Amino acid sequence: MKAHLTRRYRFSASHRLHSTEMSEEENRRVYGKCNNPYGHGHNYALEVTVAGQVDARTGMVCDLVELDDFVGREVLERFGHENLNTLALFEHLVPTTENLCAEIYRVLAGGFRTAAVEKVRLEETMMNSFEYCGDAELGTGRCVQL
Amino acid sequence: MKAHLTRRYRFSASHRLHSTEMSEEENRRVYGKCNNPYGHGHNYALEVTVAGQVDARTGMVCDLVELDDFVGREVLERFGHENLNTLALFEHLVPTTENLCAEIYRVLAGGFRTAAVEKVRLEETMMNSFEYCGDAELGTGRCVQL
Amino acid sequence: MKAHLTRRYRFSASHRLHSTEMSEEENRRVYGKCNNPYGHGHNYALEVTVAGQVDARTGMVCDLVELDDFVGREVLERFGHENLNTLALFEHLVPTTENLCAEIYRVLAGGFRTAAVEKVRLEETMMNSFEYCGDAELGTGRCVQL
Amino acid sequence: MKAHLTRRYRFSASHRLHSTEMSEEENRRVYGKCNNPYGHGHNYALEVTVAGQVDARTGMVCDLVELDDFVGREVLERFGHENLNTLALFEHLVPTTENLCAEIYRVLAGGFRTAAVEKVRLEETMMNSFEYCGDAELGTGRCVQL
Amino acid sequence: MKAHLTRRYRFSASHRLHSTEMSEEENRRVYGKCNNPYGHGHNYALEVTVAGQVDARTGMVCDLVELDDFVGREVLERFGHENLNTLALFEHLVPTTENLCAEIYRVLAGGFRTAAVEKVRLEETMMNSFEYCGDAELGTGRCVQL
Amino acid sequence: MKAHLTRRYRFSASHRLHSTEMSEEENRRVYGKCNNPYGHGHNYALEVTVAGQVDARTGMVCDLVELDDFVGREVLERFGHENLNTLALFEHLVPTTENLCAEIYRVLAGGFRTAAVEKVRLEETMMNSFEYCGDAELGTGRCVQL
């Protein structure tokens, strides 16, 4: 009996969207106000979905304490209350929410051993969210053609 | 590296559920209060999900300005602050949220060229939502049997 | 033309997480404060997703009155305002939200005949939710590899 | 021991903002798209706040069943799933949310006898809400100068 | 320069509404399903509003760490993951949300010294909330007649 | 007939809490992670409440287009997508949400002429919000003793 568990976390950070591979003018055109030189910020909401067998003895897919400890240490400590552009990860990578979401997926999928990390969803604002579930050539999401 | 972006929009409209293929009595039985002759309305929330490669230079799946322009012009202008029953589209089609959702999907999937439109989700109220992702014979959604 | 309808319901109940197959100490370690002998409770939010052809005449996937009647009678009446541990179902089963979610799926998938029940999602709190979509060997959810 | 209870309700309706005291052009200028001749609609959220002594025996300010019955019969039945412009109340009154909110306050304050109705708040969309608490010359709300 | 700060907390607990001063039949009539002998539960949301001068040096009304420590120790530890009926406080007091809200107000107003506790608001479900601001003979809330 | 209208806006910005009047150590103690040298950010939600007579002809308290224009030009343009610490206003003032909220109130109360600005509420995160309603010696808010 396989089930999915989604756990929601929150952290605040700032970023400036600016690519060293583009001219100043192109940066302004592509990123608009998000290219503002001093940055701006967001309250990010992170949803981590793990999948697995429901343990017959405990009735649980995953020990939440272990998941919270891992996410707290590897994600919230690292990105919370930070200016993303000052982190080593984003030295040569634009700190878009797409790139941040993919990095969080890689950290979790690569390091969390208690249950299979299936998907990471990151809300930048209540109007924008992003999902990433690994580098494989993927299908079309929720409604798939079989 | 493929990711999914979901953008949320809102618009208000009114509709009356009434089918010319059914008798007055059948209409009342099938649609209940939604068959009220003068209509009622909703604050619709629209979620458009696009999928695509994260551009290595910009770090983005899709230029949001282009998406907003397209959705604004082709969807929000057309349906926002309207009585759906008075539109040509619904002259011979009942303006249920299922039909509205499918129409919005078709407009977006057929016309937006910047990224692949994967899914359209339309909330009629906070208790009801609908999803549509094209006319192919589809699988069972989120949890698929492979 | 196949679409998905998701309907949201709410009910309040209490539970104590405690497994008769584990020692007192192991129960405390595994469930933490949720093992508190007198229980605690939640406002559960239940989302039922059905999928089906949009009826060409009515423009609907499923008659909501029939879905509401079924869910009301078979789920909300049975679990709402109850202490889950006192129900026959949980006499030998830990009333985790995983197990409750799977039971609700089974009741709906096995008994509701108007449309195909595709998925059941159960929120325990705004930070935790669970999804279940049947006992088949399932794929990896939203983003599937084809 | 006096406390305040706020109960939330929801209903959907449609309206057209149009004043018979203004020219067509003035109506269009004042109400913009809300003056669209065929109307549009909203999911209204209604919050009713009552105040009173907490009954020492029951621990309650107000029997919710009585409040729900009254609001259901006098407000939700009357306005839910209706085109507000077709109601007698709005024959000579523009169905703005201000006017609807004040009417709901009057119905509740004048007719509900179980507890004192203190305030009615009506959300038109998640961006707009209105409050009304009677016709007296009122102070400046939440932060009052004494 | 006086401002108001509202901080939101969450805890889960269970309760049974039952008064020893009423007959079994009266209890069932007054409390309905909430009188169920084994109880049920809620995810309570607690909002604490403090008011005070904005400190000219720090720009803050109140040190949030101190508020969180106090609320955590005196409220969340005491009521979180508990069956309210088993607590000494509710031995002779019905654990309605009105009574719980007033108790939390008294604990905070009587013990928190960093800033003035102005109001406590407690949500039992998304449809019901309660406010308490002390035992004085109070006015009519948000809109006061001066 | 006096009513209250509350309009909600959103903007994203970044800030660093740091007071030039305190030592490095004191800044770290008072502001914790919010003192991080490179700043972090938030999605602020702004609620502006205006009060006034409901115009008998239009049925409205305030023309929303005028309010939106004023707030857009004087608040959202000025603070949206900015690093608050780089603005002249915060050269000698710590950019706490208390100070930002009071500034927004002053701009609106001092400049918006269409209706009386009664209160400004600013959410920093879903757990923290602040309210300001002017510099007068104020009462105790929602529940006032008369």
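Per-chain residue numbering starts at 1, and chain names A, B, C, D, E and F are given in the order in which the chains are listed.
One rule holds in what follows: contacts are C-beta pairs under 8 Å (C-beta built on N, C-alpha and C of every residue); 3 or more make two chains touch, one makes a residue touch a chain.
Owing to the predicted nature of the structure, the values given are computational and were not obtained by experimental measurement.
Chemist: Would you mind naming the chains that touch chain B and likewise touch chain D?
Modeler: For chain B paired with chain D, there are no chains in contact with each.
Chemist: Given that chain D and chain E are copies and touch, would you call their interface same or different according to whether over half of its residue numbers are shared?
Modeler: At the contact between chain D and chain E, which are copies of one sequence, the residues are largely different (under half shared).
Chemist: Which one, A-F, B-D or E-F, has the same contacts as A-C for more than half of its contact pairs?
Modeler: Equivalent chain pair to A-C in A-F, B-D or E-F: E-F.
Chemist: Count the C-beta contact pairs for A-F and for D-F, then tell me which is higher.
Modeler: Looking at contacts between chains, D-F has the larger number.
Chemist: Where the centres are mean C-alpha positions, what is the separation of chain C from chain F, in Å?
Modeler: Going by mean C-alpha positions, chain C sits 41 Å from chain F.
Chemist: Mind checking the centre-to-centre distance between chain B and chain C? Centres are C-alpha means, answer in whole Å.
Modeler: Computed from C-alpha means, the inter-chain centre distance equals 27 Å.
Chemist: Which chain A residues sit where two or more other chains touch them?
Modeler: Within chain A, residues 4, 126, 131, 137-138, 141-145 contact more than one other chain.
Chemist: Quick one: do these chains touch in a line, a ring, a star, all-to-all (complete), or other?
Modeler: Per interface graph, the chains form some other shape.
Chemist: Looking at the whole structure, which two-chain pairs count as touching?
Modeler: Every pair of chains in contact is listed here: A-B, A-C, A-F, B-C, B-D, C-E, D-E, D-F, E-F.
Chemist: Provide the residue numbers of chain D that touch chain E in the complex, in ascending order.
Modeler: Per the touch definition, chain D meets chain E at residues 1-9, 49, 51, 54, 57-61, 63-65, 116, 118-119, 131, 133-134, 136-139, 141-145.
Chemist: Can you tell me which positions in chain E touch chain C when the two form their complex?
Modeler: 10, 12-15, 33-34, 36, 38-43, 80-83, 85-86, 125-126
Chemist: If we count contacts the way the header does, which residues on chain D are in touch with chain F in the complex?
Modeler: Listed in rising order, the residues are 4, 17, 19, 21-22, 30, 32, 93-96, 98-99, 101-102, 126-132, 135, 137-138, 140-146.
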